[in-house]
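Got some structures for you, see below.
Both complexes shown next keep chain A, but they swap its partner, so chain B is in the first and chain C is in the second.
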Partner chain A sequence: MNDPQTLAYDRVKSIDWEPSYIQPEQKLVHKTRFHLEGLKPVDPFKTFVRDYFKVEHEKDNRHYAILEASSRLSDSTPDARWMEGMKFGLSNLPGVEYAAARQMGRMVRSVAPMELRQGYMMQGLDEVRHCQLELNTLRHHLRSWRDPAGYDVALKAAGTSVGGGIFRAMLEDLLTCDPVETSLGLQMFVETAYTNVFFVGLSSAAAAHGDKMMASTMLTIQSDEARHMANGWATLATLLQNDRNIPLIQQALDKWSWRTHTSFSVAVNLFTDYFVTKRQESAKEMNLRWVFDEFYGGFYQKLEKYGIKAPKHLDRMISDQDYLSHSAAIYLFGAWPVFFHRYDGMTPADMEWFEKKYPGWYANYGSFWEAYNRCTDPSDQALILKELGGLPNFCQVCQLPTIFPLPGANSGRSCLHGGQRFIFCSTGCQEIFFNEPEHYQGFQGFLDRYEGFELSEVTRDMGFVREDGKTLIAQPTLASQRLWTLDDIKRCDYVVKKPPPPPLVEAA
Partner chain B sequence: MNSRLIPENHRVTAKFIAGEEASAIAAAACVDNPGAHVEDYGSYLSISNELRLDLNIPTIVEELGRPYEVSALLVVLASYTGQVELGPTCLSIKEALAN
Partner chain C sequence: MSFSITLAPFGLQFECAAEETILAAALRQGIGLRYGCKHGACGSCKARIVEGEVDLAQASGFALMGYERDAGLALLCSAYPLDDIVVQLEDYTETELHAARPTVARTGRVVACTPCSPDIWQLLLALEGGEGLDFDAGQFVEVNVPGTDEWRAYSMANAPSDRHLIELLIKKIPGGCFSGLLPHALPEGTRVAVRGPYGQFNVQVGSAPIVMVAGGSGMAPILSMLRALAAQACAREIVFYYGARTAADLICGPELAALAAQLPAFRYIPTISEPMVAAPWAGETGLVTAALARDGGNLRGAEAYLCGPPGMVDAAAAVLKIQGMFSSRIRCDKFVSTQGP
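Entry: the complex of A and B
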């Protein structure tokens, strides 16, 4: 390639230098177990910094024009189920982006090849931009949505809510694992396999439900992710040049395929199936197309010629598509008083759609929804959480409740390590734990914090209460005439307690 | 690959943020890539083809009726499947790890 762009790019790369004031080993802040020395890095985007800023400036101009127009003109009424769901959905995203920016900073200081560092540096700037875009969308929704309660506490809630723990656990893992493994986990699985289906796939739903700001936010973010995918591809293609990396890559792919399945995939499936009224593709259909056909079929399969095998739990990941969103919804809706948005129970029309898209759905989940819809009036003092028998256990690794694939037939298990009992949602998380137990054993979750609390005390402690100091932000329906208060919850007399642990299995 | 459930495919795709540019890019893609398939998902357009997709600036200019640059393509490129190569007047997406 002798085109002017490539020649100029090569000339700029030759400016790289080694600092004289520190030793080479001091330059890289974190060591990696992967072998990168002497490899020829790949850089498909060949982006100059000045071009990068020009493109990003244009993206921002277009996006913020929509924000301005949306603020000036109320030309549509967004859908209430979607807008309430986004209080929880959107709350998690700025923290994810900020953590990704921190990860890029660490990778720039830990991965030697200049081409890769250049890509990571621009991605770090992108992640800060995404964080700002999401904060602006939160602010817009806070100012424009008819019930802003929940949007006001969204950022705090991302750090405290029991649902946000799934994202926090994944991000902390990404931030503290090997820096090259971070690239494979973040850029290959989070950004190539899953943010595509989330930011692009779900943008159609945002637009269909009148949330133009969210649709534009998702799409302008994912236009940067296209470059992040290339960063992941460039890192992987570089690593594949050395055979000693193959088993290390395989271990990282086995881990992160499962970690993203139990975090991002759960979220994407939940939002796609349970936060919408104008139904398009089901979560299963979207995942089969974006994740399993395009990512695993169109990309991952090609790694076979390098000796890379399918992810260890791929079959379970595929079969989970029949259950993931539904089991997650039982948990999210069942624990509504400790969240910070209004809920909209499934209607007969929803149930009909679910049965059509997921044959057998009613047999597994119908009774829950019938019960849920009977527990919405505070005068009845009927709390769906009590009807369910209380909160489930949570996985030590991914922080998901141990209710998958089905609450009544789940793969939860516990193992002994160092004289202590640890609970896992699945074989996948059990294996991840025992590969690096010190990485996960100190994590504390919701039940560690709130065991013994009466439920209204939990809600109050989390700050999920409206301005009057007594009415819950969360409500089990969109249209309650009388809203649930802390006193209503107290009258239901539910005290948080740890359920019996799942069966003990061998650690190996 | 040991899973019987995921057939290997050789398709490449590009997804563009819906709008005037995306429509022109899709039209140009169909001119330059016989067999290319376009799907409209409301907020974005998906263009797919077997093995390779070439998005040529001169053809896009023809469809759009005004000057256009490769850097402008990156503003509306929301996602892709494959391996991207940027040239002075073309953005190509080739099958990843094909060789």
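Entry: the complex of A and C
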């Protein structure tokens, strides 16, 4: 094809140079174990930087016009369950985008072919834009939501909370693993497999709950995602040209399919099912359609001819859809005093919907919700966390509590490594650990930090306290009854304690 | 007179004569646009025209709603260019567009026309001119109804390696434009114009276990696939469910027995829906989809090839999904009537 656009683009790509004062490989900051030498990269798209900025500028203009109009008119009140949940939900996102921007910079400096570097560079710029959009959404909510407490500490909380730890562990893994593996993990799984449940599912939930800011933020971000998926495909298509890459690709896909399932996917499922009042499809329905049937079905079929097999734990990932959001909710609601938003317990109408969408739900989770709703008034001195028997163990790899698929029938286990006992939520995470123990063994979690603390001291230490210095930011209900204070928590007398470890299994 | 057609976002250009459809011109030049029925009834080739005008006279109002027309959508199989055209493709890859076999015109001579069952006939055409026809197992050709401008589509049952021969399995429909000619109006030696190959119903390269389901003359593309797989000494697990009304309607028995000897992991499960006392039958009975459901099992890693009437294909797809098969693994060739819905 000889169209002028292609010719010009090829000319731009040829502006690369051979270094004269360092060795060519010194241009690359991180070494990859994948074999990229001599491969003909697939060019993901032909975009000039000039055109890129023009398009992104226009997108920003449109979005910020909505922000402006929305703050002036404030024509409707968004839904409280959703807006409170967003304190926690949104807190995690700028960090994800910022980490993604850093990852793109690292990949540009670690992957030689120009065609791929060009795509990574534009994605890096996208991620900075997305981070700024989400920071602005936080700021907008802080200024406009009736109870701003929580939005003010959100960014710090992303770094300290036990919920944020799940995202942090995933991001740090993405930032420190092999740079080519980063592309497969981020671009193929987070940005391709889960793109619809996240952007389509959650942005329509945001719109339905009157959160126009979040809906618009997600839509303008989504308009860049096709580029990120194309980067992932281009990287993968390039790698597939060399047979020596096949076992490395298989290992990276196996790791990141499970890794995304136990992190990003848990969060998306939780928000889809437990932070909404205007209910549409369940998280399970959306996941089965978009993630499993559409993504997993098509993706692994395309790769079969290269000898790549579907992930070993695919059946478990699918059967987990019956439990993922519910078990996660027990944890998030059970540990409310160490979070930073107001909770809204499930009502009879919610429970009816759950039983319809997830037959058998009440038998597994109903008693928790009955107990939760009894533990909301501080004068009763009943703390749901204590009623549950305290905090569970956490997985050394993904930082999820070991309560999946069901708290009472979970796949948690411990293994010995170097004379030390490590705890995992599942076979999937255990395998990931033992492929690269040095990558995970140093991770310190919530229990390492706070064991022996009385619970109100934990909340104080995290800074999740309102301006009066004594009332908690988090509250177990939306109702304007008397709010829980640090003293109320103290009177319940719960001291953080490591639970007994799960059963020991063979490391291999 | 001809116009230039550009496929965005790839910038792929080709020429299209004023009297041919955009789809026909693309296929003639080996450009792999997606399609189904090829006569404006199914909507598989729907795409957006972003520049230029097309004439959409033949497109069915069901496959292309009025509001879709107003929004610039067109069925490429029924779109004649009136201008230079830019078509915006969604969800295509450049590789896929370059993967199609160009369609060609050939003449076939009737060598045999033999009954396989009370209503299915096997028509053998020898291709004249020595060029033969390259196709993939599962594809179909169109045959001209002698003396008219009418064309009818039938799948090849022979293996692609028999490139000078076309074997078709044709269900005789009383009054059918082409099938109605069988056998007497198509005596040995009759010359029939043939064009093709068409269709995107072909076996994916890979190692997944294969489930095949066919009814009636849907046997043809499946037989071609099995023959091609046997020629490759394919060791993949293959189960073929074939549905017929009575034992007399079970066709191609000897051919399938021969294939079973060549394919190490092949099982054939014929099913009849109307067993008769007069003809004892020890095999499966009931609908072919019921036999499929009875076998059960986890089909998550498997793939399926379905060919037959739309009702059977849809029912089989539903059963396969319940058994865990991913939608993208289910490929089908539905008979869409030339008469339209």
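The definition used in the following text is that the second predicted complex is superposed on the first by the 504 of 508 C-alpha atoms of A that agree within 3 Å, B and C clash if a C-alpha of one lies under 4 Å from a C-alpha of the other, contacts with A are read in each partner's own complex, and residues count from 1 in each chain.
Assume a residue touches a chain if its C-beta (ideal position, glycine included) is under 8 Å from a C-beta of that chain, and two chains touch if they have at least 3 such contacts.
What you see is a predicted model; the values in this text were computed from it and never measured.
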Discussion item. Should chain B and chain C be called a clash or a fit once both complexes are overlaid on chain A?
Written reply: clash
Item to complete: Report for A:54: first if it touches chain B alone, second if chain C alone, otherwise both or neither.
Response: first
Worksheet entry | Superposed model, chain A: greater residue contact from chain B or chain C | B
Item to complete: Would you check which partner chain A:215 touches, where first means chain B only, second means chain C only, and both and neither mean what they say?
Response: first
Practice prompt. For A:225, select first, second, both or neither according to whether it touches chain B, chain C, the two together, or no partner.
Written response: first
Practice prompt. May I ask you to decide whether A:112 touches chain B, chain C, both, or neither, giving the answer as first, second, both or neither?
Written response: neither
Worksheet entry | Touching partner for A:478 - first (chain B), second (chain C), both, neither | neither
Worksheet item: Just chain B (first), just chain C (second), both, or neither: which does A:293 touch?
Response: both
Worksheet item: Considering 21-29, 39-47 or 111-119, which region of chain C has C-alpha atoms that clash with chain B after the structures are aligned on chain A?
Response: 39-47
Worksheet item: Shared contact residues on chain A for chain B and chain C?
Response: 3, 5, 292-294, 296-298, 301, 304-305, 310, 314-315, 318
Fill in: chain B-touching residues of chain A, taken from the complex the two chains share
3-5, 44-46, 51, 54-55, 58-59, 62, 196, 199-201, 203-204, 206-208, 215, 219-220, 222-223, 225-227, 229-230, 233, 237, 292-305, 309-310, 314-315, 318
Worksheet entry | Of all residues in chain B, those that touch chain A in their complex | 1-3, 5-13, 15, 17, 41-44, 71-72, 74-88, 95-98
Worksheet item: Quick one: in the complex, what on chain C touches chain A?
Response: 11-13, 204-208, 298, 300-301, 303, 321, 324, 326-329
Fill in: List of chain A residues in touch with chain C within their complex
1, 3, 5-6, 292-294, 296-298, 301, 304-305, 307, 310, 314-315, 318
